[in-house]
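Supplied in structure tokens, the structure appears directly below.
When the chains are written out, they are named A, B, C, D, E, F, G and H in that same order, and each has its own residue count from 1.
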């Protein structure tokens, strides 16, 4: 669209409908706006029909509603993370198609179809309390147009549960592993497969888990190759990167 | 094979050659061994013709030489990281084709060709002192059979240097960004491109940089999407993951 | 039971009632399930008639009720830690025999008798505010079938209180010492007895106690031999290990 | 005046009206009192017509009202930071001209005009959630008699937004940059301009941002010259220093 | 011996060879010395013929030699940990039977036989660089009269190596698991066996391993039951506790 | 008394009323009990007429009431710190003479007079928000029978306020200095006087004050001699030590 | 210039010399390059005749020599910080006018005169061991063309030394205060003057000074207004900012 | 002396030998110098014939020699802490009476006698490796004119050693307790006596002792009343405070 606008200006200049001086005026601010839009361009392949993402934490219900409202005009898909039920009610009021995940705390609005690759993203958790973060990753990955295979509650205390499902995990193109407490699961998984593992430490735990630091350190110090790490509880970030890799 | 073994047991039971009790005994430990063997199997496919990696830090010269020696018999490619010049001299004595990178502190022995994809891995550093870690990543990525594009010294203090080379970085399939001090570069790069960014904090810096912790925290808290992080100074890990992604 | 199922399959193969191919199909997933069950087997001696343990923190009342419900069918003893009174009410509704400890925050259901060794586990606290953690350890140890001797409020500020009870402590086979603040009591106790001491730091304290870190560090740096440490406030873990040792 | 007092003592000694011993007694404590009084003197020149500042956090509504009340008698401008709406209501009741900023949480009372220099202070934020801290800085700077140019939401994830406004920022005499998460924006801004940058880390962020520590470390380790840092969320401090510099 | 001395005093009193007053004088200091010796008494079962332990770190060669020398007179077994080769040379000069372990850095002198139980202590390491700490544990356990089964280099990056040896580990009465980096191995082992696991974090690792803190936190936060932890690199402590448990 | 008991044993042995073996049995545990009793003895002299202290934090209203009740019978003075108004109401109900300090959060019951030395304890605060901690120290010191001189709000930001009162501070026998934020006041005071300074860091502050850690570190690193430190917010501890010193 | 380039493109489009598609191509990356070039422009004005700064830490002697050599051609002033004597010898060999400060560890080459404002920068230290960092600041400030007034060893332990020199400090336009240990001096100075204070924590100290962290926290938590902070030991940064402010 | 100088000026004014104007000139700078000297006055009682203290760490041999040299002229006692043998040799060369303690690393020069109170300072250590810090405290206390009773190696691992010497400790007027590792000894001692305890954490220990932080935290969190703490390894500070208290 912006490329269209830029093209239109150039066409007008070519046709003589637009003076070079006036064109310069129009373009004066464009480079930066254009920069924004050329960034969109550059990202075109990724973002075509893609959701924009709103990080709701620290925003008011009214702010979230306003941002969603202004986006609806552009007819694009929308993903809002860390959204409360109140935020969802406000968004639902202006867009009936909005969908809320209570566990992932996400609002999604799908106005355009996305092309979905045949390969899968596997999202694995160590325990049941890691599931909200894993669901944030899963909803994110699905919304960007990926097939997701959920493998929950296969933590290292009962390693046999992992071995039961390892074939499914191996079948994926990229694996997100979500774990709290000692954060050992990504190492185990990475030692058993040959695909990139995105590790997400969670703030699950107590005592000396320090709100996820123990898990974060465990993952950073993984003795298995192929593990990279995102911030504590950052399910969105993991889902986003997994989508990037799955769509390469 | 294992399925064969299991089938054989069942056949023997059927034929009456094997008592049900004895069969139970044979089956009791099978899962674990099976797990072990299926892993070796799985790894065989992955590792065929791939270099084995030796982490030399904390090993003696003699130990490194011994490990390399035992690997040479298997006729596979070898990568040794964190290797000293003394280790190199010892390895050179038993394998004339060993190559040493003084800056990356790696020994490489290439006995077999690897298939190299046409896509590139871009390895970017903020400063000149981040180059040793970046070279460890680069040598690793090249050794696993990837084309590497080095973009060094484009840190945020002179953001214009980055803009000069951003097109090259965009052309890569995956980007490794190596930075110390405040560790801001991965965020900047990830905001300008649409490929996964593997961020490597380095222990470069002084005062409150705490041996790379400041950079690590900066990267984990990146406000740009698409950044995942490996351990401080872990160039090998970044190169390994980048190779995994580039070869998907 | 699973061994029974496996045996039945083998019997059917032997009798010819089951085709080897069909048996293979049935067994294909078994190894991993079997792994799980063989783990139960391996643990049989420990777990026969033993409670299963549910860590309630982070679970909803409904989830706890569901898990307990599904366990009741298996006719096994149940221990739920970090349980709220609401959880207890919900469990009580489906199992009248459920018992709640307000101080230890545990729900216990004893359906089967456990064999209780003659030796004792001594559970010692420095202060009165350490008692909830100590009770979690005590309830755990008792539920796994151990005799427990409680020795509370004998902290180092009044070392003479400890000396009054040291004979009781010495009579135990293994000692759990629970302490907050500076965490010195396990060192003192270990210096006076010849049995293994399991030290539990508690988050009791203020100022620079950092939620139990001061106590944890004090215990890890104990200059007395024979002290090992579990996580802050982890009464369950200490009770579990003490039971393991007492039953050796 | 004090020199006068000292001279008078010497004159009295000379005239014999004052004993040497008594003179010694009078002189013993003089330096300290002198220090105190010369400081009051020095401060009088500085503070003439300047607002006094009340840090309301940790004070009761009644205390804040009392302090404001006692200041009103001196007919000076008043700035109260970290003020609640209740505090504002109480202050409003005794001074109708009191103004409240809901976002900056400040109460301001302007009884005297301040001379405003022609140069500007630019106050920049990385995200929208950094705005409250930035507004505290802005209200502070304005109250001390400075023109403020607000440049909000130009963080590093979309560096093009910054480039759009960099000319405005360059036009300022001193720049306050407010950022949470990885805290990289001050480095970027300082690399693009030649004016002092006062960096304010905010506690905005989650996971391993540790309530602003990640941003603080990022700013302290800035690889760009010209950045100094104030405490986390200390908008007032940044506005105060910026005013000091702008008025030099 | 001291009991002998006390008995002798009492006998002398009984026989009238010793006045009650004189006996009181003799006993005046005895309670405390007696306390020391009654502690020996109390520990008699444990310590009969047991080595005394010298922690050499921070001691001079001369000090170590002196301490050993004074112990030799008592004809007891001696264990010195963290001993340098120089210390060994000095000790060897006064006791030809002294034995040095270069890898465990221990000097042992065995003058009396110890009764060795039939059960085994299994000492497991994650990597080869954890072996020195494991050897300190092994030498300690052996010296206190235990059979030790070494299972080295079975870390989580290649979990199949662990499964090959799990039966040996299960056969032990108590297991010491030594691991650096992310410290996940004790969790894995404890999930597979039903014996107490003593976890020893090592300072092996780099980057964000923080000299063993990452491993320590991983072990404290283990989601598997039955794991207790000793200080970083404290192989002696682990071997001592394991011996205590094995001899119960 | 114990010496008497010991003598009696010896006499019985002498008379033949007690067998040597039985005497040995009686003596085995004596040292510990003796230790315990000599401590009670020693404490009796110290505590005669002294208040007992109850740390209320973490106790229930009922527990506090019970403890006070049982103490009232012994007719001793009582100090309860960190007491809520509810606790005070409950105590008041059983002892009309109980006095509550709202700011210090203390309950005091004075049943016996204490001898008050003529020297003074000076209690100094940096800011007004440090006063609650200072009052806990003051009430404690007064209750143990000391004259207290309060010098509040003389922090380093306005050092002239300190100089106005330094003579009063110098007149004290021991000085307690309470400060939050950067905790510099104890250094300043200790540099100006020649009496011991007990420094109390407070959790007052925000941002990187970390709940008093900044102040604590500032005080530990004081470049002035004569400063020792107690825990964060530990007004009671400071008042107790100051009383000890003042009464020497 | 760039506007010219943009105009030329538009003219070419108008004249039909440039296809709209090709024009689009040319415009796509322009913003970024433009950003780069406008930055160089902006910097040209700033940097004319200014020294370039080389941070020598982590560079080899050869690298420093090379960088200096390439700069000499541009006939600009050069400042090298953290330079060793070996580096100085190498630089001296190619530029006889190079000057070395042994205490500040700086090499300076002054090829062009700088305009020096009449106002002064005051550089203050708490102790003698803070002088190297202060000298780095002083040399930096002098090299950028400022008059520097050194006021050393006036720390808070002997506050009277400070009062002796406070008039000199007040006379400066901006003050750099360098302090280790508890880092209280900047607060004291800022409380006595009305000029901006740049605080530099130093790694001087021992025990719980943690290599300057105690001083850093002390400065960040300063209760005096007008203090901003740079990294530990960052004398260069402080001198640079002070110069920026002094030259406004 | 300075009071003498001031008195002389006043006398001259009185006698008319000095003009009031000239006297003012002479006095102009005096207030601050006077401040210094009035501080000496104020400290006269403490310091009469007292050693001045030089902290040698971070000073060169030449600097230490110079400082000692300039002090010798004033005929006062001198204490230099953290002094190397080289420093001692240099000092010995200019003052034959200088005495060096190899273990405390102190140089002492005693030119004047000090009055020694009859009461004692008890200096207690947990282990033998805490002795150097304890000796620094002891030498300091002795040099300021106190009798010192050394009680070494009575740590909590063998609490009976402490009970052996507790009477001696009780006899002191103030007690310094030096301990590393878990730092529990000061709590134990303070629980057994009624005198102020100055606790000194030492950096002795390994693993998670973190250079004395574990001991420091243990001491700050002491559950016994009467313990205040100085910096890690700060034997001098403890000896200084103990002397202050002993001489009250």
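Basically, a residue touches a chain if its C-beta (ideal position, glycine included) is under 8 Å from a C-beta of that chain, and two chains touch if they have at least 3 such contacts.
Just so it is clear, the structure is predicted and the values come from calculations on it, not from any experiment.
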Contacts common to chain C and chain F (chain labels): E, H
Most distant chain from chain A, judged by the mean position of its C-alpha atoms: H
CA centroid of chain E to CA centroid of chain F, Å: 40
Distance from the mean Cα position of chain B to that of chain A, given in whole angstrom: 25
Residues of chain A touching at least two other chains: 32, 35, 39, 158, 160, 163, 192, 207-209, 213, 216, 220-221, 225, 231-232
Chain-chain contacts as defined at top: A-B, A-C, A-D, A-E, A-G, B-C, B-D, B-E, B-G, C-E, C-F, C-H, D-F, D-G, D-H, E-F, E-H, F-G, F-H, G-H
Residues of chain H that touch chain E when the two form their complex: 128-129, 158, 160-161, 163-164, 204, 206-209
Chain H partner contacts - residues on chain F that touch it in the complex: 31, 35, 39, 42-43, 45-46, 53, 170, 173-174, 192-196, 198, 216, 220-222, 225-232, 236-238, 240-241, 244-245, 248
Chain F partner contacts - residues on chain E that touch it in the complex: 3, 6-7, 10-11, 13-14, 16, 20, 23-24, 27, 31-32, 34-35, 38, 41
Contact footprint of chain G on chain H as seen in their complex: 29, 32-33, 35-36, 39, 57-59, 63, 201, 203, 212-213, 216, 231-234
Contact footprint of chain D on chain B as seen in their complex: 126-127, 155-159, 181-184, 187-188, 190-192, 205, 207-210, 213-215, 217-225
